[in-house]
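Two complexes are shown next, each including chain A; its partner changes from chain B in the first to chain C in the second.
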Partner chain A sequence: MEIIEQIKTNKLVENQTEIQKICLHKLQSNPLPDPKSEHWRLSNKSKFSNFLEYPFNEKDTKFDIPFTKNAQSTIRLTIGKNSQIKFIEEDYSIKQLSQDELDKYIKEQIYCFDQNENWSNLLNLSLSCTKNILGLKINGSKIPPIEIFSHSSSNSLNAKTLVIFLEKNCDVELLQVNLGIENSSLSQSTYFYLEENSSLNHGVVSYGANRSNLLNSLNVIQQKNSEYNLGSLHFNFNYARFEISIKQSSGNAKTNIKGMQITKKDEQISTYTKIDFNGPNGFLDQINKSLADDKSHAIFEGSIIVPKIAQKTDASQLSRNLLLSNLAQIDTKPQLEIIADDVKCKHGATISQLNEEELFYMRSRGITLPEASKLQLSSYFQEIISFIPVSKDRWDLLDKLLNDN
Partner chain B sequence: MGLSFVKVYKANCNRLFLNNMVKENLVKDVVKEPYKYGFVTDIETEKIAKGLNEDIIRLISQKKEEPKYLLDFRLKAFKKWQRMKEPDWAGLGYKQIDYQDIIYYSAPKQKEKISSLDEVDPKLLETFDKLGIPLTEQKKLTNVAVDAVFDSVSIATTFREELAEHGVIFCSISEAVKNHSDLIEKYLGTVVPSGDNYFAALNSAVFSDGSFVYIPKGVTCPMDLSSYFRINSGDSGQFERTLIIAEESSSVSYLEGCTAPMFDTNTLHAAVVELIALDNASIKYSTVQNWYAGDEEGVGGIFNFVTKRGKCLGKRSKISWSQVETGSAITWKYPSCLLLGEESVGEFYSVALTNNLQQADTGTKMIHIGAKTKSTIVSKGISAGNSINSYRGLVKIGTKATGARNYSQCDSMLIGDQASANTFPYIKSQQPNSEIEHEASTCRISEDQLFYLQSRGIEFEEAISMMVSGFCRDVFNQLPMEFAAEADKLLALKLEGSVG
Partner chain C sequence: MQSKMKESDPILEVENLFASTDNLPILNGVSLTVYPGEIHAIMGRNGCGKSTLSKIIAGHPSYSITNGGIKYAGENINSLEPEERAQSGIFLGFQYPIEIPGVSNLEFLRVSTNARRKFLNKGELDTFDFEELVKEKLKLVKMDQAFLSRSVNEGFSGGEKKRNEILQMALLEPKIAILDETDSGLDIDALRIVASGIKKISNAQTGIILITHYQRLLDEIEPNYVHVMANGQIIKTGGSDLALELEKKGYEWTDNFVKET
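Our next item is the complex of A and B:
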């Protein structure tokens, strides 16, 4: 773990920006998260060190987006590649954030970061050079769908950061694709700031290749009357961690989350979510699905915090899990912390396997066992996939998932 | 794919209405009720010096005339305890406990040997009488055998002869050490090992008394067994140990009750309960815990740090925990089941009520090891005042537990907007051929229901009491008759002031 040594001796990055300096300083005395803390306890140690074993690389190798752009006027951006971004049309504008705006916002965020809980964010910001931070300010309506890519390079650890401000009354569909290249690690941090009345349909598709690792963190701040919908899918990573932190800063906002993680072989994929209601009338509907096969391990930990100020909050969280093999493992830990008394909060969790009766019925109708399982799985996947916005058809996600099976 | 059942308690309330109630302090009155077991019995006690070291442990062991293996057990536990750190994961806020400032042995002075209840100090009998515990012969009608523990020692056990006829052993653990040493040596510490956790290690080192139950093969215990724990001294901790062994095809129902006087200092209660059920045996363990909870400002009260665990060793064995937790300043308690035997069953039914500045962190662990094991968890938490009420549970399905099944339900009810209710269920599965379901909900007293009841002429307080009672019904149904009535009354007292 050369990187950790480099953090300790402060030799990781030359020409540090101010943000890098602050983050590295926060990490220096304690460069690794506490493996005993609730947040990191279940993280597989050898896989985690595997994430850190690749040398840090600021530069990207040549990268081609695996799918061609279709005729639709989708806006495509790759973090680390785009220099001047400016789309100004009649109805909308997408502009790059100025360095000052970006620095100010990130600094505000870092201020409340905890070494352990936000370790992924701190590491990401320590590594991201100016080139690999993409900051956008979006305004207006009728905005064409946006696709943003970030990827790693083989045999190295790359860090990418995305910051997006959605101005008032803005309505955006955005798909974020994180591609893991063989034998590589990617650290991706995303920050969204949703102003009043804005709405974001956000899709996250992360898929890796042989032995790729991912540390993906997502931080969302929602102002009044904003709506945030997230559809996420993580699969095919040796080690992946998806940390979601959503804050409804003054309540009256809507959040919908539908996430799925699929683990096979000896993979470990985990999702950690933390939803903070900081005002009344908040709404949350969250469902997280995991599927664990072979010797893999899927983890879900979700916490919902409803302080006294957040009266009339309506929050529900459901964790549904499929355990398909004798050697696979699933851990799930929904968590509710409630102080406000006038709230509707509920959570549920299930772990089971494919329904035998349904399988039997299909087989009695002449469908073979593998096909019947595929049918069941496709309905299991479909709920999440249909929630991922933009060009999901072109990505053939369902096929990808099912044929890998 | 397993279905998920998520229940919603609708809390669509008329805010104004409740605000008025709060303004008029009605709700506050409703949840306020003085602790009526807070008296101190003025009785001469024999205490040893404060502090904890090897000599104290040797002294306790010597006072109880224990065999060497037990002293070794204590000393080993003490060594382990010294190396351990007090756990802080529960996030409970309490002042650091000074373990050297506690008296580890305190016993009421009485005649050397007691042959019948008539020789027990009348003051003691009076105390238990005041608490409503039937120790004297004329109260035989209740048909419950009682083991009464006062501070560190057991003072009386009733109905011994009748029980002996059936081969049931029911006595204090110190007596069992003397008379049934083989059983103690074989089973003590097998469910909760001496180094299991910080408080279990402390208990293993200094435990003074507790109850011992042995139900022989094929016997259904003819009456409910009960132990009653009373802390009387303000500066001594209570460290009792209970061991229940149910042999093949036997069954027993065991009840436990606790009270303590009001002191403005915190008293430590760190008990260990071990249950062992062999093939086809069934143990039902019910607790009504009403230790002193401290006053409204959170001064005083019992720290209740208890380790309770049952082992379903045999095939088709069953262990059922039911508890009503209303007292203690801090409750930290997770009655658990280790389901080893095939088709064994674990159950946990709990009502936890917290008020003022009480903190309760309670729940269960169901560890499924054997095939086709089943467990059910029903937990109801009610928090009022400024209290914190958390459910923390673990359901673990091991690789060999094919066909295992778990159902958990935890509901919380909030009264007032200062109380907090948390749920931390933790589910871990390593067996695909198993089904786990968990559901949780949080609600408050529904204004609609309240309005309906009031429109039918039912008083506000009575209506709340009815609703709370209905909320807890699933659990009360699991309690033995005597306890169900007591629990209902207790809850009513705690919640309803004088009306109820």
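Our next item is the complex of A and C:
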């Protein structure tokens, strides 16, 4: 793994920014995550090595967004492509964060990073050059839907970073699309800061192509009375990790998460979530679905942390999983760490196969087994897909999921 | 009347059928022949094998035939998949229709109907044409169009589920329909609607098997034959008066029959 040697010898990036210097310094002594740590123990070593095998590339190849625009009003951005962003309208404004604002915020985050839990963030920030970091500040009302694209380039490892501040009282719908190109690795890190009374409906759709890899980390800080809704979907990657960290910094905030990962062939896709309630009256409703076919492996590990200060927290985390093959594997571990004594917290996990009686019912009406399975899966997917904002209809995501091999 | 029916070939022939699930024998030699235009009623205690017989005819994968066989339109169908049986005209009305959350009833009905139409070499219907057809059929069971936009059977009352079964029967136009306790859980009005739907759908080319515990369905639809099942066998066959006799005597005598045999 040349990239690890480059980190060790500090020869990874020329003309390093201050952020890159800090992160590379943190990685130098321990350039790889501890394979025995809770976050990495199930990670497939050879696939992870494959992620790191591609040479790092700061430049993008030509990229055309493969979907028609849903509505004229939708704002479309591609990380690494848009140099000057400034939308100032009567009701709202979307501006780029200044370098100082960006550096200050990222440094604050790095200060709290753990070597294993945040290894993906550290790698991302070590690699992301100024051009590939998009920082936005959004305020106002009647903000049009936003789509932000991130992509890798063939035979290389690319790193993209997104930082968004939602100012007080603003309400945003944002779809983030991470596209893996054939034989490539993408490191994507995203940071959201939701000020008081702001609301974000966030969709994350990540899908790859043949032998593509993804490390996708999402870091959200919610101030009081903010609402963060996440609908996410990851599929078609040789190896993908989705690491979510959400902190309700002073409680009194709402978080809803509906996520799904689909694995086929010998793919491995995992989701790690950490929801930290740092104040009272926090709310969480989370469902994560995994669907594993062939010889693939899906992993979900979720933790909910409720310290003493987080009284009256109401949190629910459910992991629902479908195993479609005898050779597929699903690991799931929803867990609660509760210190506060006046809370309502529940968690659960189910692993099942397609419902035999439902299948027989459909077959007894002349519907073939593959068609009946598709109908059943479409209902399984629908709950998640309908939660992903912006463009979901145009994309025919459901068809893509049901028909992709 | 009966001799006229039997001028044609039987639709369904169940011949000395033995079947089991998880190595547990459930059917112990059932024989039953249904000709076009005939209505058969099968009665018997819970657990006597009535529902199992219906599921095995429809091809449920949890049951295996250990001896004997099932012929449909003269062909042995033991090895046919459930969907092949349904496409060729075998219909099972479920005792407990299955809820399929997230799958729209309209789409489910359209895919089913088109599968049957394809078998019959009729053109497949697009959504628009299908809606026209289904609107007509809804009238048979006095169902509101709102049922079409809901998920299959999800949140339906017992009566609505059973009416949805008869709607499916009307759309699929089967050659033989096995209705497993279609009358259970229905109030008097719903029973009449369902019975009237069945009568309108059935014709001289269709065979019907009604599995029931009660005389009240047979008051609405008079069967040509009544069979009594016990211990996985048909132990007595008679006319519609046999059902009346059962109503008076109950099923206790069938226990004695089982003990004697």
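Assume the second predicted complex is superposed on the first by the 402 of 405 C-alpha atoms of A that agree within 3 Å, B and C clash if a C-alpha of one lies under 4 Å from a C-alpha of the other, contacts with A are read in each partner's own complex, and residues count from 1 in each chain.
In this text, contacts are C-beta pairs under 8 Å (C-beta built on N, C-alpha and C of every residue); 3 or more make two chains touch, one makes a residue touch a chain.
These numbers were taken from a predicted model, which means no experiment stands behind them.
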{"item": "When chain B and chain C are modelled together on chain A, clash or fit", "value": "fit"}
{"item": "A:Q311 touches, of chain B and chain C: first, second, both or neither?", "value": "first"}
{"item": "Contacts of A:Q376 with chain B and chain C, given as first, second, both or neither", "value": "both"}
{"item": "First (chain B), second (chain C), both or neither touched by A:L77", "value": "neither"}
{"item": "Which of chain B and chain C A:R363 touches, first, second, both or neither", "value": "second"}
{"item": "Partner chain(s) touched by A:V343 [first = chain B, second = chain C, both, neither]", "value": "first"}
{"item": "Which superposed partner A:S325 touches (first chain B, second chain C, both, neither)", "value": "first"}
{"item": "First, second, both or neither for A:I85, with chain B first and chain C second", "value": "neither"}
{"item": "Least Cα gap, in Å, left between chain B and chain C after the two complexes are fitted on chain A", "value": "10"}
{"item": "Contacts on chain A seen with chain B and repeated with chain C across the two complexes", "value": "358, 376, 380"}
{"item": "Sites on chain C touched by chain A in the complex", "value": "58-62, 81-83, 85-87, 91-92, 94, 97-98, 100-103, 107-108, 111-112, 115-116, 119, 151, 168, 172"}
{"item": "Parts of chain A lying in touch with chain C, wherever the complex brings them together", "value": "356-358, 360-369, 371-372, 375-376, 378-380, 382-383"}
{"item": "Chain A residues within the chain B interface of the complex", "value": "38, 308, 311, 316, 318, 320-355, 358, 376, 380"}
{"item": "Chain B - residues contacting chain A, complex", "value": "1-11, 13, 15, 89, 397, 399, 412, 414-444"}
